[in-house]
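Each of the two complexes below includes chain A, the first together with chain B, the second together with chain C.
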Partner chain A sequence: MSRSSRSVIPGFGLTLGYTLFYLGVIVLIPLGGLFYKTAGMGWDDFTRAAFDPQVVHSYKVSFGAAFAAALLNAVFGLLVAWVLVRYTFPGKRVIDALVDLPFALPTAVAGIALAALYAPNGWIGSWAQPLYADFVASLERLVPAVPWQAFLGNRLAFDLPGIFIALTFIGLPFVVRTVQPVLEEIEPELEEAAATLGATRLQTLRRIIFPAVLPALITGFALSFARAVGEYGSVVFIAGNMPFRSEISPVLIVAKLEAFDYAGATAIATVMLVASFVLLLVINLLQRWTRRHDAA
Partner chain B sequence: MSVIARNITKTFGAYTALADVSLEVPTGKLVALLGPSGSGKTTLLRIIAGLEFADPGSGRIDFHGQDVTDTPAGRRGVGFVFQHYALFRHMTVAQNIAFGLTVRPRKERPPQAKIDARVKELLKLIQLEDLGGRYPSQLSGGQRQRVALARALAVDPKVLLLDEPFGALDARVRKDLRRWLRHFQREIGVTTIFVTHDQEEALELADEVVVMNNAKIEQVGTPQEVYDQPASPFVIEFLGNVNRFAALGHPLPGAGGDALYVRPHDVDIQRDYKGEHGIRVRIEHVFSAGNYGRLALVRTDNHETIDAEISRARLAELGLRAGEEAWVVFRHIRLFPAEGKFTERDVVADDAAPAVADPGRGI
Partner chain C sequence: MKLRLFPVLAAALAALSLAPAAHAQRAARPVELLNVSYDPTRELYTDFNRAFAAHWKKETGQDVRIRQSHGGSGSQARAIIDGLAADVATLALAFDVDVLHSRGQLIPADWQSRLPHNSSPYTSTIVFVVRKGNPKGIKDWPDIVKPGVAVVTPNPKTSGGARWNYLAAYAYGLKANNDDHEAAKKFVGDVYRNVPVLDPAARGATTTFAQRGIGDVFLAWDNEAFLALREFPNEGLEIVVPSISILAEPPVTVVDKNVDKKGSRKVAEAYLKFLYTEEGQDIIGKHFYRPAVSEAAKAKYASQFPAITLVTIDEVFGGWAKAQPEHFGDGGVFDQIYRR
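Entry: the complex of A and B
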C-alpha cells in the first residue's frame, strides 16, 4: 500500500466528494444565491431594506424571543431529561414519546392549537389572560422606568408572549434529546464517590452532574435557539404580527415576498443568516471551552 | 478504627447477595475480601461504606464500637476507591483530591491555604507532584487510580475501602501499585478493606484474607492459613491451582473420602518407583518458565489429568519429554469427606519406602 494512513471506511475520496457535493447542492448553493441576490441590490438599497426601523424591531423580537425560549427550554428540558433518565414510573414511555411530538407535528397545527388555547376565550387564556395583564400592569406600576409592555406585551395570545410560547413548544425536544443520553451515561460511581467524600445531594448535583451535562445542555440550547430563530409556521398564528410590537423577521420576509420585493426579502434573510451564524459560532466556542478537559 | 459487621443479610429481589454474614476487621489491618464474582464481596464492602444498606431488620455495622448502621456514607468517615476510578472528569487532579475538603460545610471547611497544602502533600504521597493541574483524561490508568486513592485519603478516612482497585490495570502496573499500596498502608496504618477476585493479589497483599462464596464467608485467616489449611473444598480450589480426584479407588491408604486434593507443587515425579503409592502417568506436555517446570500428566489407568510443578533442576535431572511415562507420588494430600470435615496427610515420598506420616493429623 502506497498510502501511509488508511481509514476503516473505504473510499475516502468518494465519500468526501459526495459530502462536498451534497453540502453544495443542499446548503451552499441556496445560501450563495441568497448572498448573490442581496449583493445585486447595492449598499444603500440593502441598508434601507435590512435596517428599516420596522425590520430592526423584528430582529429584536425574533432573536429575543428565540433566546428566551431556548433559555426556558434549557431549564425545563434538563428537568424532563432528568426525570426520564432517573425515575421509573407508569407511563414513562408515553411521556418519552410525547417529547418528540413537537418534531413531528406540522408547526401550523401547533400554532393554531396554541392560539386557540391561549386566546382570551380559550381554555387557558380565559383565566390566565387577566392574570397576565395584571402582572404586567403591576410591574409597570412598581418599576415605571422599564417599558414592560414593550418587553412582555400584555396579552398571552396575539402578542409577544404568544411568540415565546410557540417557540418554547417547538424547541423543547432539542434540549431533552441532547441531554438525555449524556445523563444516562453518567456513571453512578461518580455520585457515590461524591457521597462518600461527604458531598450533599445538592453539591453533587451542582458540582458533579451539572458540569458533566453542561456541554450537552449548551448544544441543546443552541439547537433550540437556531430552530426558534427560523420558526415561522407556528408563530404566525399566535403572534398577532403587529408591526413594532409582535412581528418576527420571517413574517416580514414573507410579507416582502408577497409584495414581490425579492431583494428586500433576501436582505433581511442575509442579516438573519449572518447573525445566526455568529451566535452559533459563539455558542460552539463556549461549548468547546466547557469540554476543554476531555482533550487527552 | 475497627470495623465489625454482624449478621448482615442483603437481598436484591429474589437474589440473595449476602446471607447472615459477620465479619470483624481489627484496627490498622489490611484485609482482603476474596471470592468469585457474585459471591457478595462487593456488596459487603458497599454496605460497610454505606453505599448500600442491609435488609431492614438485619445486621449491624460498628466502626470502633460505634453503631453506624443507619449513617449515610458521607458521615461514616470512609474513603472509597472504585474499580474504574470514578474521577471527576471536569476537575483537575488537584481539584479532584481537594473535593472532599471543599464540600464541607463552611464552618468545618479548612482555609484554602490548608487545602492546598494537603493536596500538595497527597500529590507527593502518590508521586504525582507535577501533575496537579492535569485533567484525569491526561493520565494513565495507574496514575488515575492513585489520584482516586489520594482523593479518598484527603478527608482522613478512618476506614479505607477499595473495590477491585487494580482490576482495570494491566499486569505490570498492577504489580507496582500493589506493592506501593502495601507499603503506604503500613505507613499510615489506616484500617483497609479491599475486594478482589485475584487470589494472588489477596495472598500477597493482605494481613488477613476473607474468602467468600455464595453470599457467605467460607474462611477467614492469614494468607498462610487459608492457603495451607483451607476450611472447605471451595477454598482449596479457589486459592491456587489444585488437582482434584475422586478419592475412591485411589491407591493411597485411608483415602475413603469424597474428594481428594493435591497441589501441583506437592506432586513428585520419578522415573522408577517401586513403592505402593505410585501412580503411572504419561507426560502430555512440559513447559518451563521461571523457577518451575510445569507438567501436564495423564493417568494411564483412568485418564484423569494431573498438573505437576517441579523445580527446573529436578526437571533437568529427570530429563522428561512429552509422550514418556513415569511415576507420580504425592507428598501432601487433603481429603474432604462427604461430611465436610477434612483431613490432611503428609506422604513422605522416599524412593525406597513411601509411608503415610501421621495419618491422624487433621484440622
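Entry: the complex of A and C
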C-alpha cells in the first residue's frame, strides 16, 4: 500500500508548477513591480506621500464606504439569493440574469447612469434629495453629539452617499453568486425535520439555515468589499471628489500620475494593497472560525 | 497546423501582390500622421485634417491620412512618453509638452521657439457660463465668491484645462489686491470653497453643469463655452465675459524622435505650419479658438470674442516650470485651500 500517500489524480507536480507559474506571471510580478517602485523612494518620501492628511482621509472614505456598501449587499444579497433559490415565480430567470448586470456593465457607464438618476434634477434625486437633506438635518438636531454630516454627507449624488450607491451597485453580484449555490445545497428536509422537532420559523432560520450559509456570506462580503475598495470608474462620476470629504484614494492616485509622480502613486497603492490584504486575511480567518465553530 | 499555416500564406500572398504596386508608386505612397491632442480640440482637428490632406495632395501628390487621439492633456503626454507613436503633439499647456523633453527626451529643450508665437497657432481664454437669464447676476470674478453661488470647475490636479481656470482666478485676485499674493490665495480659496463638485476632467464638468443642473456658474475655455451653448440649446445657457482672464496658449510640436524613426518629419512639419496659414487660421476661428497670427482671421472672428484684458502665464506666474510645482504640486497653493 505504498501508493496510499499519493493522490488518486496524477499530475500534482505539473499542476502545482503551472499554478505557481501562472500566479507568478499574472499576480506576483506586477505586484512585485509595485513594491519595487515604492521601495526606491525612501521612508521619508513614502510616509509623506502615503500618510499625508488628505490621503489618510481618502483611505477612510474608500474603506469606510466599501465596508458599508458590502454590509448592505450582504443583507440584501442574501435576500435576493434566498428568493431566487427557494421560490418559483414568473420572470425568475430574468431577475436571475439581472443580478449579473453590474458585472458586465462598463463601470463608467454605471457611474454616469447613477449620477444622472441621483442628481438633483434626476428621476430619483429630484424627490429624494430634499428628503435626504431633511433626514440628515433632523439627525443633527436630535443627536448633536455625532457629526452626522461628516459621515452621511447632505447630498445624494456628488457626496458620500453617491460613493455608497455606486459601490453597492457594483458589489451586489458578488454576494448573490457566492451565497446562491450554498443555499441550493441546503435540503428543505432539514427545515422540515427542524419543524417536526418543534422549532419555530425563526429558530430554523437562526439555527439551521444561517450557520450553513454564513461562510459563503462572509466570502461574498469579502469579495464585494475588495472590489469596492479599488473601484474608480463608477465612483468618480457620482462622488463629487471633494478633498477631505468625498475624495476616494484612487482619485489621488490618478492625480499623482497626472503630475508624473509615479512613486507617490505607487506609495498610496501599496498602502491600499497592504490594508486590503490584511482585511481579507482577517475575513478569511473569521470565515474559517465560523466553519469550525459550526462543525463543533 | 492547418490553422497556423493560413495567415502565413495569406500574408505571403498579400506581400507578393502588393510589392510591385508599392515599388511603382514610391513617390506617392500614402503617409500617415498621428496627432495626439487634448479633449476639446476634437472638432477643430477633424475639420483641419480634411483641409490639410487636400492641401498636401495638391502640393506633393501624396495622400496623407491623419489619425487623431484625444484625452486629458496630461495623460496624453504620458502616453507619448510611454511609447504612443505620435508624430505631432497638440496639447493644452506648455507644461505637458515640456515633459516630452524633460522625461521622455523626445523633443529638444528649445521646442517652443521652433514655431511662431511660442508654438501656439491658436489661443483661448477662460470665460463664465451661467444659467438662463443669469439669475445670480454674475458679471465678474467677485460675483462668483459670494455666498450661495455654486461654481463648477474641474480639479486642476487632474485636468490641464482646469489649471487655466485656477490661474485666471488667481490673476484676478492679484490685480484686485495690488499684487498681494496672500490676498490672491485667499480669493482663489474662496472660489474653490464655492465649488460643490470637482470633476477629474473638463468634459465631465461640462456634463455636471449642463446636464446634471449643478452650479450657477461654470468656468470654461471659451471654445468649450460656445460648444456647451450649441450642444445644449434648450438650457438657455449664457456666456459672461469677466473683466480679466488668462491667455491660454495651447502649444503644438513635432515629436522629433518619432518622426525621425518613421521618416515623417517633412509632412509633420508641414502639418503644423499649415495651422499658421490663412486657411488654417480661418478653420481655427470657425471652431471658436482665437487665431494667433493671421490679421484677416482675427478681424473676421473678432465679433465672437468680446474684448477682455488677458494676462499671460509668463508675466504673472513666471512660466509653467515655476507655476506648476508652486500651485499644483503636492502641498502647493491648491492643496493648501482644503487644508485650512
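Keep in mind that, in the parts below, the second predicted complex is superposed on the first by the 282 of 296 C-alpha atoms of A that agree within 3 Å, B and C clash if a C-alpha of one lies under 4 Å from a C-alpha of the other, contacts with A are read in each partner's own complex, and residues count from 1 in each chain.
We adopt the following convention: contacts are C-beta pairs under 8 Å (C-beta built on N, C-alpha and C of every residue); 3 or more make two chains touch, one makes a residue touch a chain.
Small disclaimer: the values here were computed from a predicted structure and weren't measured.
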item	value
When chain B and chain C are modelled together on chain A, clash or fit	fit
Which of chain B and chain C A:Ala115 touches, first, second, both or neither	second
Spatial angle chain C-chain A-chain B, Cα centroids [nearest 10 degrees]	150
First, second, both or neither for A:Pro243, with chain B first and chain C second	second
Which superposed partner A:Phe277 touches (first chain B, second chain C, both, neither)	neither
Partner chain in contact with A:Phe260 - chain B first, chain C second, else both or neither	second
Superposition-derived comparison: chain B or chain C, residues of chain A touched	C
First, second, both or neither for A:Tyr22, with chain B first and chain C second	neither
First, second, both or neither for A:Asp52, with chain B first and chain C second	second
Superposed arrangement (fit on chain A Cα atoms) - minimum chain B/chain C Cα distance in Å	50
Overlapping contact positions on chain A, where the chain C interface meets the chain B interface	none
Of chain C, residues touching chain A in the complex	72, 74-75, 78, 99, 103, 155, 157-158, 195-200, 204, 207-208, 211-214, 328-331, 335, 338-339
For the chain A and chain B complex, residues of the former touching the latter	187, 189-190, 192-200, 203, 207-208, 211-212, 290, 293-296
List of chain A residues in touch with chain C within their complex	48-49, 52-54, 112, 115-116, 119-122, 155, 157-158, 236-237, 240-244, 247, 251, 254-261, 264
Contact footprint of chain A on chain B as seen in their complex	49-51, 72-76, 78-80, 82, 84, 86, 88-92, 99-100, 103-104, 135-138, 148, 151-152, 154-155
